[in-house]
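Notes follow once the structure below has been shown.
The letters A, B, C and D name the chains in turn, as written, and every chain counts its residues from 1.
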Amino acid sequence: MEASEILKQFSDVWELRHEYAKDWKRRTGGKVLGYFCTYEPEEVLYSTNVLPVRILGGHEAPTLATPHMFDMWCPFSRDCLNQGLQGKYDYLDGIMATNCCLHPRQAFGAWTIHVPTPWNYWFVMPNAVRSPRAKKFLRGELEEFKKAIEAWTGGKIADKDLDRGIDIMNTNRRLMKQVYELRKADNPPLTGAEAMTMVWASQLMDKREQNDLLKQLVATLPQRKLERNTGVRLMIVGSENDDRPFMEMVESIGGTFVIDDHCTGSRYFWDEVVPDKDRLQAIANRYCDRVPCPNKDWGMEDISRKRFTHILQLAKDYRVQGVILIQQKFCDPHELDIPSLRRLLESNGIPCYFLEFEVTVPIGQFRIRVEAFLEQIQAEELFV
Amino acid sequence: MAKYKTKGLDCWNRAKELRARYYEDYKEAPNRGALRWEGGAWSFDAIPQALEGEVHGLTEEPYGASIGADPALQVRYQEAAEGKWGCARDLCAYLRNYWGSIVLNEFAFGGEWPKADFIFQNHICCTHAKWLQVADEIEGGNIPYFCFDVGAGAYDKIGERQINYVVEQLYDGIDFLEKVTKRKIVDEKLIQNVKNTYDSACYWAKACELNQAIPAPLDEKTMFSLYVLGTLEKSHKDIAHFYKDELYPEVKDRVANKIAAVADEQCRVLGDSQPPWGFLRVFRYLEKYGIVSVASLYTFSLIGWWKIDKAGKLVPYPTLEEQGITIKDRDHALRLLAEGELKGKLMWAPFYGAKYKNDIVTKIAKQWKCDASIIHLNRGCEGTAQHQMEMKIAVQNLGLPVMTFEGNMADEREFDEGRTKRFIDLFVTETLGLKKVAD
Amino acid sequence: MISAGIDVGGKNVHIVITKNGTILARVGGPTGINKAEAAEQLYAEALKQAGLKREDVTQVVATGSSGPRVTFANGVIPDAAADARGVIKLIPSARTIIDVGAEEGRAIKISPEGKVLDFAINERCAAGTGTFVDTMSRALEVPVEEMAKLSLKSTRSIPMNAQCAVFGESEVVSLIHQKTPKPDIARAVHDAIAGRISSVARIVGLEKDVVMIGGVAKNLGFVESLKRDLGMEVKVPDDPDFVGALGAATAAAAGVLEEKVEAKVVEKEKIEEGKA
Amino acid sequence: MVEVKKVEYWRWPETSWVNPDIDWKKGKLVTAGVDVGSVSSQAVVMVDGQLYAYSNTRTGSDSPDSAWKCVNMALEKSDMKVDNIDYCIGTGYGRVNVPMAQQTITEIACHARGANFMYGPEIRTVLDMGGQDCKAIRCDERGKVMKFMMNDKCAAGTGRGMEVFADLIRVPVWEIGPRSFQIKQEPPMISSTCVVFAKTEVVGLLQEGMPENDIMAAYCAAMAHRITELLNRLGMEEKFAITGGIAKNEGVVKRLEKELGVKSIDKVWHDPKMQEKGLPFDTQIAGGIGAALFAFAMLERGKAQSARKA
């Protein structure tokens, strides 16, 4: 299949996520489980017949959510709840949340009360991910989670099942990373919007199915030539981001996103599970060692941020000329990191521009800001 | 003619004195060769306070609140944090006060910003670990930093595994403390500190429990100034003594003699979250209608420890004496400390879902005989403002009228006093149908 | 008994004089800068219309955000309370009231007796107020009344992203540039505000019947948008902008006063503090 | 519904000017910059990089018309025709709808460049207060943008806000500055951030009998404060220049300088010759000047071809 066709399929899954999930249930007779944050251990779910789907933005004013979350809570989380209240997720067999930031926790809290969902689960993902103690604790937590899933699905999860689950996840991660690798080229064979759509699709579709498509994509992408100028090589960093109109706007006015750091982007798949006899421990290690969400990005004994080093490395590897820092309104984890990150990037000669996102972004107002930022990066053009 | 007799608390000045001394000690510490540490109201102060020699802590939230009580100062500090450091305006208001204080190199209690020797923090909401991570950064990044995680699960899920997780981190904390201070942790001190922590946390709960009486011996406005000691240094012998041997007996005595916090009590209110500190006069305004704020999850369990008994009632967490426990050694002490905090601090339950908050606040509304609820939708603190709209619905389902008003515990730019009073007039005269009793 | 209700809002004064519940006079006009003066003049006009002398009126009750400034009133009641009393008198089946005025949009839940059970208002931002409509009509260069008619012609819904009244202007302007038909733009504006208002209304819960009052209720285009957003019927009484005044007059007749006089004292204090 | 006010006090007079000392026919390159803002539009015409003519007009609801209007007005006192322009760059919020432009550049770049031309190469920080947004720009000695920040999704403290205020208080916009100093002592600033709620607050103050001049002072102070916050975030570096309409409002500028503790550079031409000749110094045309200069540079460096029709 043509690369463009495959990317189109990912885009379709993203746009028709509900139809896809309902159809998946019909086809497989499996259960669909909704989740809010990327710290839920999908390996365990892929060891059995459960499809994990991430609740992503619906991008309309979350008016139904207002009686449950007043407007100091992040618009994205309110948007998630809003879709639940609209009944868009009526096909879910279960919903789960974890020790993420406080915003999705509000959405989950209201969801369990007001959106009829047969099963719900709270997964205690430790915050002190850099502490060896966390890995041990998380292993125990996974043990309990495995039991709960077994009880829910009525089937035992053996080591070979866990191996399969781990393999499905790792393969998916490896393939998406290979696609990202191609973006290092002078003229990337896919746009940032397309690349991120691939990741969104991976959070929405059966990874076994996506892996088959990804294998073909990795084979065909290198031959793909885009009829566009790459222009300024941009990196986009920040809160949850599934705002395709924004990405496309930026890539229509002289920029190309060549890399990102989002939980809806590279941060989701960057790290693999390193196999171990003790499968659950191996999974636990992966979630503690992965590139962290800012919320968990603090050391027990030092104030450095693991994520910053990673971002700086990405910027170098992908020859980034400028960084767009985006933040969901009221997103504390990123608000807490952005002033420091901005200083770090600028002191490394990488210009940044900051934008605050909501469920719908005023494209017009953002366009002029981004255009001016792109001009700033290429300003020499105007002067010599 | 007033309905009940009333008088101020005898131990009031003692509370003020203890608070003043705390900040004074912190400021003066270096002159006395004492160590200084920064942490949070929820840090396990029993541990750093068990180091050899004299040690004084500064807890971030009460400090931020003190600044919040002075709108002019608060705006100056926050604009420094927002302008000079560049942080978002909607971050925790205490945190912005705290950062601003460092940016301006100004201590709200006089003098320059008193730099700490080390940081001993713990993390449960989005903010705590990052708060001092950045504070340290603003100060130049050379303050030894330790932070441990207490997000091990809701009180009803706490078992050995959860306690071990925290205790193991506490051992790491002890290694850290001994490494960076070159001082030893003294087990006798540690054991005593844990005892004191239990007394502070349990006797505060017992005092709150007494507020079920009609008339209420305490009103929230007063309670704010009382629980604060527990957010400063609940492991301190004087503070434990205050709760156990001064406050608790006095409140008991007030109940026995029907001494009311508000002479014309005619409506008992359930509150939530921190108030807008610069505007406590709103509570006085309510008193004109005989409205008394008698209870809130926040005031009860920010430092207080509670449990839900067999009958499903909310009761104070048992003290060590009541459990018949004598602490044997360091390990025993650390386990008991972790257990008390993880099982007893119900304030932490809402982090794991709205159903917990709804369950606890409805119990409070019933047991403390509340007639209505006034909820401060606090834009300044997400941790305490969790599930507030769900709470509104849950309390309304009990048949209680609920009023909400938006504000911010420590950012007066987000509080509209005129409008809030307009709301109160409507709620009080129309919804509650109350008349003014005093002026 | 003859009683008068004076509703002094952000932009307009509305006055109703009733005799045993039946309306003798109804006068409205802009507040201008000096609201007290405006109220004074319009009251004189209302008396004239009713053919009454001041002393014929037993009770005068003021309401609205500037109610306390009406010096000749015997008392003041909170605006939401006036809304409730007025609405229940006109539409006894009303349980939810949506009142959108120039500078505030609010929702009120009432009991069958017209008692305020719960209420919510849009906070701190003008999106979701009558002023938003005015600003947009300026950008669209059509009068508000015209805008209402236009939007009813539209069959398309275009989302507006602007959070702010002023940015709404520029969004409207760019829609004009994209040659979007004016009816569709007008509808987009109404839909945007309706969205804000409906989320406020949902906070108090949407119990039937839902009644909309206030100046903006005269804008049928907006009412349509609101109905669409709420997915339920929305009743609008005649002269929806006079309901608050009527409610005040009703309260006056009911003689629920001595307590309100205190309320007035309270309001006065408030103004003092506001100054300080 | 009766409308109280007939006059629209926010409307400021439109202007145009032609340089009598330049014979454009003798010039090599005629370039233009057309800045279509949300509230005002300016056209600047340059001959070989020298200021030849400009206009400052109000923007209508249709950008192309507004562009034509201001270009025609700029040339009304000259025999130059639009077709005589070699290269035109559109800028400002309506830049994509400037029919006579061959290219667009954002007003951020143009204002920095224009400020550099008008105020001189020592300028490091430029504040441009537009109708709906407020831009703080850091630039180098060539007027090249190094960093910039803009106000967010709320119009608090923008030019439009000031117009709404002028309308409300019924004082012509250009009188607000001077009158805001005719006060006994500086009042506390208006606290509402929202343009609309600020209105409510102002009405309240008027009713409490606060003198109009004091209210103007309070409003100007609030605006100055918001701009200070923005400049603090950007990190302010001297010398500091203000462009755009607000530069004309002393009431805001003086208070802004006081709060910043930094004086903005005087509003005079950096080029002594231009100053001697007494060329009018209109801070609102900075964007147009920048655009016209970029157009000139493009042609000179052969980065663009002349599109001259006549």
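By our rule, contacts are C-beta pairs under 8 Å (C-beta built on N, C-alpha and C of every residue); 3 or more make two chains touch, one makes a residue touch a chain.
Quantities reported herein were computed from a predicted structural model and do not represent experimental measurements.
Shared contact partners of chain A and chain C are B, D. Note: centroid distance chain A to chain D, computed from Cα atoms, is 42 Å.
Centre-to-centre, using mean CA coordinates, chain A is 36 Å away from chain B. Rounded to whole angstrom, the centroid-to-centroid distance between chain B and chain C, based on C-alpha atoms, equals 42 Å. For this pair, chain B with chain D, the centres built from the Cα atoms lie 51 Å apart. Touching two or more other chains at once are residues 86, 389, 404, 406 of chain B. Multi-chain contact residues, meaning those touching two or more other chains, occur in chain D at positions 93, 153, 193. Across the assembly, chain C contributes residues 65, 123-124, 162-163, 167, 170, 203, 274 that each touch 2 or more other chains.
Taken chain by chain, the contacts link every pair, so each chain touches all the others.
For chain D in complex with chain A, the touching residues are 93, 105-109, 113, 133, 142, 144-150, 152-153, 294, 297, 301. Residues of chain C that touch chain D in their complex: 10, 12, 29-30, 32-36, 65-66, 69, 103, 124-126, 129, 131-132, 139-141, 144, 162-167, 169-170, 173, 176-177, 215, 271, 274-275. Those residues of chain B that touch chain A in the shared complex are 85-88, 90-92, 123-127, 129-131, 133-134, 136-137, 141, 144-149, 151-154, 157, 161-162, 164-165, 168-169, 172, 176, 350-355, 357-358, 377, 379, 382-383, 385-390, 393, 404, 406.
Looking at the complex, you find that chain A touches chain D at residues 351, 354, 356, 358, 362, 365, 368-369, 371-373, 375-376, 379-380, 382-384.
Interface of chain A with chain B (complex): residues 67-70, 72-73, 99, 101-103, 105-106, 108-110, 112-113, 122, 124, 126-128, 131, 133-134, 136-137, 140, 294-295, 298-303, 305, 327, 329-330, 332-333, 335-340, 342.
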